[in-house]
């Protein structure tokens, strides 16, 4: 930590800050310049940046280490690859997860799974416990939804990711799914994150709509510090003043994460855009910017979807997007499901 | 719901939208103008605004009722007054809640309670379960902290509010506290909100740092719709581009809430400002704007606080602030603890 | 400037940064710690923070002096008081500027001037050149509007402030007005600011809707560095994600400016709120937070105003607000036009 | 315009609103439902949305036409192609503009022009009048800079774009450049926009850092309504809470503009990212999302650039980016300078 004193700081003020830093367990190096004093504080102590900043005579405090450790590229320089069966997230292949917002019925889930598989998705997505802004909206089918999703994923040889909203749901999600999804609203549900640190399956951690990248990596740190090394970050749009889109998908977060962390990062263009007609453009942009994967909502009859119909793609749109992505991926030395499974007559 | 069609919308597109609205359970009134068609949809059905907006030929959709009901002034026009013992939140008196960020020790909690009582606070605040951005920060004393807080509050005849982070903590918080505080990060923890809808004590619901006022009222609706009518809203700062303050306390939210809802609304200038030297100005502003109360962090030795030391006021600053507030409150027809209890020799 | 190197920075990288800093005219002090190197760079040189930050091996760069000088409290510790005739802005009295958004007609301007004078305003406001988002909106009466405003101000013994949009308008505004207003959209019109640095009348500089406080003070610096010492800062709302109000009036900017700068700061609750029914609450909040003044839109028939009718107060609302402000001001040791001029039969 | 009345609105309130709408020149159609009244107002009148919204009994007002006309796809459905010599912006080819932030010297400008030409850029960029946040920063070489830029562009057969900051600079920019650039800070300098509406060369209009897309199109409308049909929109990053990047490049603005307007839209990843190591990722993302072009800062010695060195690419980075873009463009049916000019021994 570097503490920059004000020009007018008195000797007593400087000494008071030094004393407090030492009390916090830090070693302090003092550098007195012509116009002001700068203090360098190092060590294993716990120094509270905000608190030091409010002390009399202090102008500014700058941390010289990230507040996260295990999530940092300083800690681990090579990329983390999260594996789910033979799927490698964070490797050379761009992995696409797709499926409906919510499980609604066996027929709906089956049709969606078949459609996304055909287009080249590797992982099936779908919600059974739905965090809805209004208590009057459809809240999901619960465990019955998970059963439908698992059956459909199994039939199509897809892995499965679904959202866990609360510690009490960890057990049931674990029975049916391969990846725990933590939604944007729960990015700072620290009780949940801490429990998932003890889970034995990967965690897909969405960025909160107003979370800084540093806070996002600190939330990943909660999971990592519990012993679970398999965290997949997911950018899904931040809240800005612009109202033309539901959120502003922060594409620049992708190269920033690649620089700061070794963890894989994917994008969710469906929530980022909020409108079906913008999803393909944002999906292409995310892959071009270096995303390790995508998670996309696809529904065979989006006009009748019980949630997020506005942003769910038709299967034909998704097919076309996958074809476009196969052209883009090589520009950054990646591939994307180059040899999709041939159709084998599964029902729709 | 009013659906405005595009100028170029075809008759088939209009009919398709009408058919879908009817299928959603709405009655549709069609108004064909010179340049475009406008549809009015009313009824008890479930019409998905975002979905209709993405249908071909649709230009814009506007809801004509709030998505929340019980929280709305349309539903209940007179102000709700939440009572805790003989304390009335939302009445003529501006109620001040104050105390340390976290319970740290018996001595610290006792001293803080005595200081805030003396200055005129009616409710003691303090955390035992702390939501911290970093897994390496102090996480609170847990139940032991609650016991310390309760003892100090009892000694000073103060009511007690403390944060509940998770459904699993509801029972223990209920045993020690008078008001459940839901923090900004949990404003959309719907599992928690739904459970608190069945609690028999008031809920102080902080606004999420990037929550719109509509989302905040929808979160209140989760609690209200469960049967718990005692929700106190708390503005605590939103996230903006400005970095000079930790957050931007959205003072304008106070008159907006007063217009839209009957629920009491208080402000948290400590988190809103994030720096001790800005807290008094923001507290005065909140009361002048019509807040029903304040929640303020006070610590007798903030430089040694285990959390939020930077924004905790010294007792002498808090005394002075209370004196200023007593001048301001009458400007809006309010009072603020005009006759504080005389000192009765409680320890410091 | 303090340059913090990465832990893994090589000796060659450190030396390269040192060499570039010296080339930029800085003296460099090197401090090598156990895990990383920290460089302190001081002197009169021009060191580009952003550029140094992108150099290999650099983790972070922190400036240790504000980029503005003349606007800073470090440069001048006592408050600046701007005088216009016998009006002192930044002194003990809270100064209120009020009047219509635009000059529309002689009758309208006269009536507004009489109304605001009666309530205690000291300065008349009104626009003749209007910056409008749409080319199809009312663009103001130009010089004729200035003449009407001046005549009305003279009749009521009020000073006059009006907006200058462009260098070419400086001369005409100067002939009619006492204070040049620079609007939010022009806060970074550097050509205009530089010219106003040579003017002999005060400049009221509004904050841009997405300007940081640092950028705002840098814009003040453009005027100050040209020789014009009379800059009045005006907070008028920043753009955030919240749509319930037109902007979010950043009340916390008031205490922040008071800490960083010696310049007076006022608030514009009309543009900050954007709705007549929120203006009084925000005006009270601004004064309670320590604002040196207010600028408020008042119109005798706001429903027929040619611009900003939605946010213009009725005279009776303004009267009542002034009465409330007279109660609040003493809480912070201020007064507000304690003895308004008696009515003397000026026409309406 | 559709006016939705409150449920509790009285008949007198409804009639008052109707009367005012008629007074504003609108035809009003009234629809009385079970719970509330909805008014449809059409015609050529001037109806002030914000004002109607503050009238007693009004719940919400929704406009049913965009406030801009000439910039809208409703007005002109086919894409506008802006031509500069044989360069077509908005056609099948993605056009790249590149060059230094500022003209600094003949050698620097020549080297940059040669480098960007070789890599496939069609238009040279460079500033002579620089809008700088601080009055103490390098402000550009003025007309001498324009001469250097023109000479370098001519030598490499490149077109030239440079920024105009003020009406007084239009003449000199016109003498040297092919395209007028209006910077983000001037997006609402309406005096300047109106004058450029009479210019005979294209205008590259950058989005303000906190401008909504609607405001941006309204600014384009100022130019278009003056008779100049050649407006190129340029997304360059918006201001959000995230501080890891200088701005957040709003990639989603690209598909939104394509939907709302017929004008070409390009992206500026240099200002959007603010750091050289993020520029390539954002440039690829913009093209993948459908941008008609890019404007990129390239400098042969960015560590010694007098402005924006941190975000200027090295020529070798730019070469590599152009190669990546050639792979991506076909994914969206575009090309990008497929046959760059052979090297012909120009300087370096």
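Going by the order they are written in, the chains are A, B, C and D; count residues from 1 in each one.
Just so it is clear, a residue touches a chain if its C-beta (ideal position, glycine included) is under 8 Å from a C-beta of that chain, and two chains touch if they have at least 3 such contacts.
Quantities reported herein were computed from a predicted structural model and do not represent experimental measurements.
**Student:** What chains do subunit A and subunit B have as common neighbours?
**Tutor:** Shared contacts of subunit A and subunit B: C, D.
**Student:** Just to be sure I understand the contacts, which chains border both subunit D and subunit A?
**Tutor:** Chains touching both subunit A and subunit D: B, C.
**Student:** Which chain pair shares more contacting C-beta pairs: B-D, or B-C?
**Tutor:** B-C
**Student:** Just the number, please: Cα centre separation of subunit C and subunit D in whole Å.
**Tutor:** About 27 Å separates the centre of subunit C from that of subunit D.
**Student:** On a C-alpha centroid basis, what's the spacing between subunit B and subunit D, in Å?
**Tutor:** Result: the chain centres lie 39 Å from each other.
**Student:** Please report how many Å separate the Cα centroid of subunit B from that of subunit C, as a whole number.
**Tutor:** 31
**Student:** Touching at least two other chains at once: which residues of subunit D meet that condition?
**Tutor:** Expected reply: 210, 239-241, 243, 277.
**Student:** Which of the residues in subunit A end up touching subunit D in this complex?
**Tutor:** Residues in contact with subunit D: 210, 212-214, 238, 240-245, 248-256, 259-260, 272-273, 277-278, 281-282, 284-290, 324-325, 327-328, 330-332.
**Student:** Show me the residue ranges of subunit C that touch subunit A in the complex, using the header's touch definition.
**Tutor:** 2, 4, 6-8, 29, 31, 33-36, 38, 40, 42, 59-60, 62, 64, 74, 210, 239-241, 243
**Student:** Using the touch definition up top, name the residues of subunit D that touch subunit C in the complex.
**Tutor:** 20, 48, 50-51, 53-55, 67-68, 131-136, 165-168, 185-186, 188-192, 194, 208-210, 215, 218-219, 221-222, 225, 239, 246, 274-277, 302-303, 305, 308-311
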